[in-house]
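Labels run A, B and C following the written order; every chain starts at residue 1.
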Amino acid sequence: MIQVFIGLLAAVTLAATAAADQMRMAVTTSFHNSGLSDILLPAIRDDLGLEVQLLVVGTGQALRLGAAGDVDAILVHSRKAEDAFLAEGHGTHRREIMYNDFVLVGPSEDSAGIGDVASAADALQRIARARQPFVSRGDDSGTHKKELSLWAAAGQDAGSFGSWYRAVGAGMGQALNTASAMHAYTMSDRASWLNFGNRGDLALLYAGDPVLFNQYAYIPVNPDKHGHVKFDLATKLETWLVSDRARTLIDTYRINGETLFVFNATGG
Amino acid sequence: MSDIWEGLVQAFLLVVRLDAELIEITLRSLQVTLTALVVATAIALPLGALLAVRRFRYRRLTIAVLNALMGLPPVVVGLIVYILLSRSGPFGVFGLLFTPTAMIIAQVIIIVPLIASIAHQALRELWAEYHDLLISLNTTKTQRMRAILWDSRRALLTAALAGFGRAIGEVGAIMIVGGNIDHSTRVLTTAIALETGKGDFALALGLGFVLITMAILVNLSIHALGRTETEGRW
Amino acid sequence: MSGLLPLTVHDAVVRRRGKTLVGPVNLTIDGTGTTIVIGPNGAGKTTLLKMMHGLERLRSGTVRWAAPDAEARKQQAFVSQTPVVLRRTVRENLTYPLKLSRVPAAEARRIAGDWAARVGLSDMLDRRAEVLSGGERQKLALARAMVRDPKVLFLDEPCASLDGRSTREIEEILSAVAAAGTRIIMSTHDMGQARRLASEVAFILHGRVHEFAEAPGFFEQPATAQARAFLNGDIVE
């Protein structure tokens, strides 16, 4: 009896939690882990009266959610995949918003010696040569794709690596947890790294090569393909994201005094 | 070890501060799981009784399938429900994906086989005992099912609690179909996964302890209800 | 008044796992009184009773009542050797059959109270039936069988595990019930009880009715050698 009562109560309360304007946006874990969304979402609510529900997933899943029409817009960072997404007509257009960068982290004693190299390619070559444990996301995410492209640029074939190369098939946080436990190298976006609470012996060893820059782009889902998507709200959000208000919030966002993102939207 | 200690401290702080977000996700956990439990028992108990009382052609097969489904990985359930509820899936028009309703659906699918199997064990034993009597009393099939359901209610309570335990601690399926959206579909388990991902083990553990405490409280209160009945009427 | 009897059993056979447990049996039960089923262990007494009541599936033959099947089922009751009690209170055990027949709750309570009094369970009405002793369970099962006022009452060794006093109480109830018009068909291996209660006797051997006769005549002068041996207390194979 009591269960039935609680159940009814639950059903009623669940039905009662609908706000005015709501839209769903799929974002990558790295964006969410940065903490920037905690700054932007309340501002969006205040300015536009719009509640943006975030689905925090890998780039691969974000693109699938968009293609299936399960979200109204996506905010991701994997140029090739984005272009393919647009080519298939799933999105209306691609709008660059901001970028951050990737960093290479590893055990503080740095036995592969990547702390003083000249380029990201050089750093990766040294890790491969030393056969030091390296944790890869291995989850088809934007970060994973970036990592693979960097190995390729360094003249390495990630597919042929030995057991020192560990593809964990997990999100950034999980990959960092794994690297911390295994005293392994890994590549992380700077935001996830700065917000990561379980560093253990890990340290930031290399950053700064322009190839490590990580461009975020906003893509509204195509309303011609999915009639139910809230294209007007997605457009409203886009206008806000490229506004001066967003520029200020993004450019001044800091963790431990470090700037994370650089606003680079044009035509706001 | 120090992580666990920090987790306990975090849990304590969260609770004494009556952290608004904690209360919100805890209540949502309860809402989703208790609703799923009510729906699942409404399906599973009659099903268990039916399997005990009736002899139909595919009964053994059904029981075997139920038992096998008990071990179904929640992630698979989540994925299937996701595909079904997705806008491009067969039930997409209802727009249920990434809502608590989707999470309830997934949990129902996960715990129905569990509850039905445990219930069936208890009901089958009671049916063996009651068989001659109930047939002699010229009962209908429905009356038989009702009699064994009512008279094994304490065993069925255990079955329901097992279902509750599995549902409240489940993360794989509801992460996929709920999306772990802040203020909308975030529950204790998905919040724990999120904080673990951020490497904030203390907060994750703290939430874990809150989850354990809540599960214990629910179990205790349901057992207490059973016991008052024992003393009062039994 | 009954319209239920006669009960006609015609070439009825019960087989289980390739073994014939009972049959072929030919038997007609009519009139009033008490039919006592006797015979050595394993002769098929229990199966015969269950078969007549409809708890055993017939391999062949028929068990037919004068009333249509659906009617006939409602007017019979069965008390098994190890009585099954519902996991409820004594009162709920007694009201359950009445509830099934849609007797109003107050009326059901009254009838349950009356029968509890008749079998001496009045002060146990609110006790859980599982905690009753063997004798009390047997009385409860008998009372529960009687609440719907059946025309025919089957009992399988109702006093097998009871002490003298309980046996006497049950026999008194059965006599009263029979006198009130309920047809009783009951098995026992207590020959004294058989003599006290029987108006007719069915002697069962190897799953068949070996001898079926009026009680006084049967006990004085059994027709068959096996029945005579059985009554003398010899082993009958």
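Brief remarks on what is shown
As a convention for this text, a contact is a pair of C-beta atoms (placed from the backbone, for glycine too) under 8 Å apart; a residue touches a chain by one contact, two chains touch by 3 or more.
All of these numbers come straight from a predicted model, not from anything done at the bench.
Farthest from chain B in terms of Cα centroid separation is C. Taking the mean of all protein Cα atoms as the centre, the chain whose own Cα mean lies nearest is B. Centroids of chain A and chain B (each the mean of its C-alpha atoms) stand 33 Å apart. Chain C has its Cα centroid 47 Å from the Cα centroid of chain B. Centre-to-centre spacing of chain A and chain C amounts to 79 Å, using the average Cα coordinate of each chain.
Taken together, the chain A residues at the contact with chain B in this complex read 2-4, 6-7, 10-11, 13-14, 17, 24, 29, 33, 51, 53-57, 67-70, 171-174, 176-177, 180, 195-199, 226, 228. Here chain B touches chain C in the complex through residues 126, 129-130, 132-133, 135-139, 143, 147, 151-152, 233-234, going by the rule given at the top. The part of chain C that touches chain B in the complex is made up of residues 50, 53-55, 73-74, 76-78, 80, 84, 86-89, 96-97, 100, 128. Of all the residues in chain B, the ones that touch chain A in their complex are 30-32, 34-35, 37-39, 41, 86-89, 92, 95, 97-98, 100-101, 160, 179-184, 194, 196-202, 225.
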